[in-house]
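One chain, subunit A, links the two complexes that follow: it is found with subunit B in the first and with subunit C in the second.
So, the complex of A and B:
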């Protein structure tokens, strides 16, 4: 369809601009807010001209908020660290456990493998609270409530199925012939897996790991139920932060910016894998 | 050893399955109990009384209604918008590709944090959106805190976060369609509306169904956005399934009722997900087989 008229191109351009404005404006506006004091935020009419200040960020980083109501200690950086620590260690463990399992699912046809794959897939769509609420009572009995170990354990429910499904698809796409040839020349199974299969599936592993990290980071309900303030990630911590008294709006905005920046940066970096990962590999891009 | 290998390797996955199934069956069991954390002495097996009580419970039917309306509304709007945007960005030009990547950003924002962003923007004192609507003459627009506009506001946030999901799946679908039918239609001078309704749409249908079912399954159990925005309020205006069962559990400590609510929700998603998984496997087969 190369005979598109100029008028049509103009209309398309206008529509795409509207779409971009709707989807990007909120991020843009929150970033602007994060560099403002309450005074400029509360101006009417609002304006994008203001003298930028870093005071919101420095207050968050030092953990001391000075306001008219007095000084306030907040642990936002702790939340940020929790998010990072929980997501990174969950993904790492899920990769170590998930890649061999994905390989087994792809290479060996066995009943248990199909059953596991199907159970994980059908629970992908079960309400998370259905599992979390009973788990919260078990965790209390086991002493796992509000521990990193307990949280990393339940984060496997997000990370492991994702890694299994994506990496399995990649292993399936690799011809087993190369591995057979390597095996025949006298190498062990383990060496074949490590030297041949894993390097070939590397893009898939990277994609799955990045996506699992983003999903773990963005998760809200797991930590809402199983963690208290000192172990909470930013998604939960920010909510409590908003309702705390004496906090300036610019500081809330700065906290949101710091909380979403890592996943947005990762998403831009890994965008070509996102489509496939998001659809559990339903649509090969 | 050789025979045991696949079982050994899938052990962690098996453990995760067990880790899911044990709480799941515990929840099924709880749903058959009279079980309040604050009244441990009353605990007892009551068969299906929790479920039977739902039938005459207005709050339960409100939850069912709100959840279905929420899911239908959000997915409907997201589908139309997502399809529209995918069609706009169909040509793989450099500009279109950059635009489609930028549109992924809302999707990668944690929904709970997205809700906070919109809360700041709809704040009655300084929210930029409150200012915009006041320019249009709505001076007392209360967004999520007014029962008559709460659903609209939360839908807006959901649409902002999840439209890119549908858009990106449909865009991948559109770009993978075979070229031949379109070239033939262009040669024959077939009108564009005819091409769209008789060629594009039918060929895209499997992708549309997959994307909508996927979203429908998530949307009917939306928690993050609704909880962060309004905690189910104002009143019980946005009391969707998972928010209701969360409050039932932690605020009213009624474990039995909370579990029964979740089982009802699970039954709905189970039916939907069986349809979805069949559809998805078909599409996956095609994507793999066709390549």
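So, the complex of A and C:
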């Protein structure tokens, strides 16, 4: 049965189109730009008819940027690897630390428990610049400046609260009776955690891990201040295209396309877990 | 030697005392039904025995061994939860196999063990289904099968029929006693359905306000309820209750009319009491005596329930076998008397039953 009138459908279509254009057009335009030279990009009026070129991508991949002013070495592929390595290790460590912590916060009431959880969340409230100045001083003292370990450590400020709070909610949604049933069946507490709690919170863990990965990937300020060229992720690395001889729009576009590709692929892959309603039907609601 | 022994168990959550000094002993193989209205701590009691909660005070012993420091996985109990608590990411087979796997049995033993209980509970055709694909009845049976699978010495069943439809509940009420006898376990069965309690129990323990009000056989509880509340909880239609005062020579005042009751109560003259009479103990006749008008006649399958009103306005329910030859019509007048078996006097202040022949 269709209850919507034609007018409603038309309005709905127009609105959806507006939203899609608003959000997708920039991405579409960036992809187009990445296949153009600076000359065709800066053409007035702009046109979507052009001769595609792979020079931007080849420049990024080979690491040699040829511009009107001469040649420039860039480390974009290194930046891409840094981004991947930093984000993945940060999320991994945050998962290892955050999942048991989230479980503890969800299942046990302990002294100052709520305060600790809230303090961890408050790391997300403070502007990063607030902590950066003291941190950069500490890091110099500790010799952590421009090290992967130092960056991964600081990235925990981004990843850990996200994982802790999202996964905690999922653990709280699991009926404690399911865990009780598993223990009474003759399994230890640890086994119950691994075989029941973690698998059932998997959609939440996937969502939190994905979000944390994207947040870590998109981080700019921490790496800008605490790392130099060879440890910098793509977000900072893209600055290299703003050169003395002008802004390399084509390369920036290609760099953006390459840098959103992994997170996009990850999001598409993890979507499956995000929608999987595992708990449905197991407990009478 | 009792198999399960609870000694002075108390449990509080913050300032809220849920169980207050509870003691109970159950023999091996005995089925004890914990009966009581919701919110009286029945589930909490089972959780304490299973070991997923700890008592505030008191000791729980199984086979004469104190359970205080024994983790739930080492107590050898099987438990079926009211909300089933199946593992959603395991299929029915794996759900039932869980206690067997935990006891490190071989694959063949596990298969055989699951097949045995699945056949018993008639769910062998859905073993490959995930819990969400099972009907409520199948979920309930799967949960029960999981509890039974390892043949635990102690079975804790928390209102397992609560969430299933009326038809299945009726079937299971007939099947469960056989199943439980076959399991040969000591069973603690929680319910708030008095028919279930009567059908299953060797003994019923009536729980109210955190205490056992009466622990006795179903027959005893029905015939000799310890308090007015117990009398009210067992029986359908419920017992007739009239607040009154005992008069001269074992009589009571029923809405202005003097009615004779069991002579054994003669010693209670002047006491404020609640007179209780089971609907099936209200006898109808047509001679002289207490007259009542039949207000409504409701046939309920094998029994017919009549609503009666005396001249003084007291309303009473009477229940007759539907097969009885003379069921009065509505609006007709009958004479009523009270069968001493099924008539009780309760103290109006404490609710406790007055023993017959004793003041």
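Here is the rule we use: the second predicted complex is superposed on the first by the 235 of 285 C-alpha atoms of A that agree within 3 Å, B and C clash if a C-alpha of one lies under 4 Å from a C-alpha of the other, contacts with A are read in each partner's own complex, and residues count from 1 in each chain.
Assume contacts are C-beta pairs under 8 Å (C-beta built on N, C-alpha and C of every residue); 3 or more make two chains touch, one makes a residue touch a chain.
Just so we're clear, the structure is a prediction, and the values are computed from it rather than from any experiment.
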Legend entry - Residue contacts on subunit A - larger count, subunit B or subunit C: B
Inset, instruction - Classify the contacts of A:97 with the two partner chains as first (subunit B alone), second (subunit C alone), both, or neither. - result: first
Inset, instruction - Answer with first, second, both or neither: which of subunit B and subunit C does A:160 touch in the superposed model? - result: first
Inset, instruction - Name the contact category of A:188: first (subunit B only), second (subunit C only), both, or neither. - result: second
Legend entry - Touched partner set for A:244, first subunit B, second subunit C, both or neither: neither
Inset, instruction - Based on the superposed arrangement, let me know which partner A:206 touches: subunit B (first), subunit C (second), both, or neither? - result: neither
Legend entry - Contacts on subunit A seen with subunit B and repeated with subunit C across the two complexes: 189, 278-284
Legend entry - Touching residues on subunit C, where the partner in the complex is subunit A: 47, 50-52, 71-75, 77-79, 81, 83-89, 98-99, 102-103, 130-134, 136, 139, 146, 150, 163
Legend entry - Touching residues (chain side subunit B, partner subunit A) in the complex: 5-7, 9-14, 16-17, 19-24, 26-27, 30, 84-85, 88-89, 96, 99, 101-114, 116-121, 123, 125-126, 128, 131, 160, 163-165, 168-169, 172-173, 176, 182, 186, 207, 210-211, 214, 217-218, 221, 223-224, 227-228, 241-242, 245-246, 249, 255, 258-259, 262-263, 265-266, 269-270, 272-274, 276-277, 280, 283-284, 287-288, 291
Inset, instruction - Write out the stretch or stretches of subunit A touching subunit C in their complex. - result: 175-178, 180-189, 196, 199-200, 278-284
Inset, instruction - Under the touch definition given earlier, write down the residues of subunit A that touch subunit B in their complex. - result: 1, 12, 15-16, 19-20, 22-24, 26-27, 29-30, 33, 41-42, 44-46, 97-98, 100-101, 103-105, 107-108, 110, 112-113, 116, 119-135, 137-138, 153, 156-157, 160-161, 164, 172-173, 189, 214, 217-221, 224-225, 234-236, 238-239, 242, 249, 252-253, 256, 259-260, 263-264, 266-268, 271, 274-275, 278-285
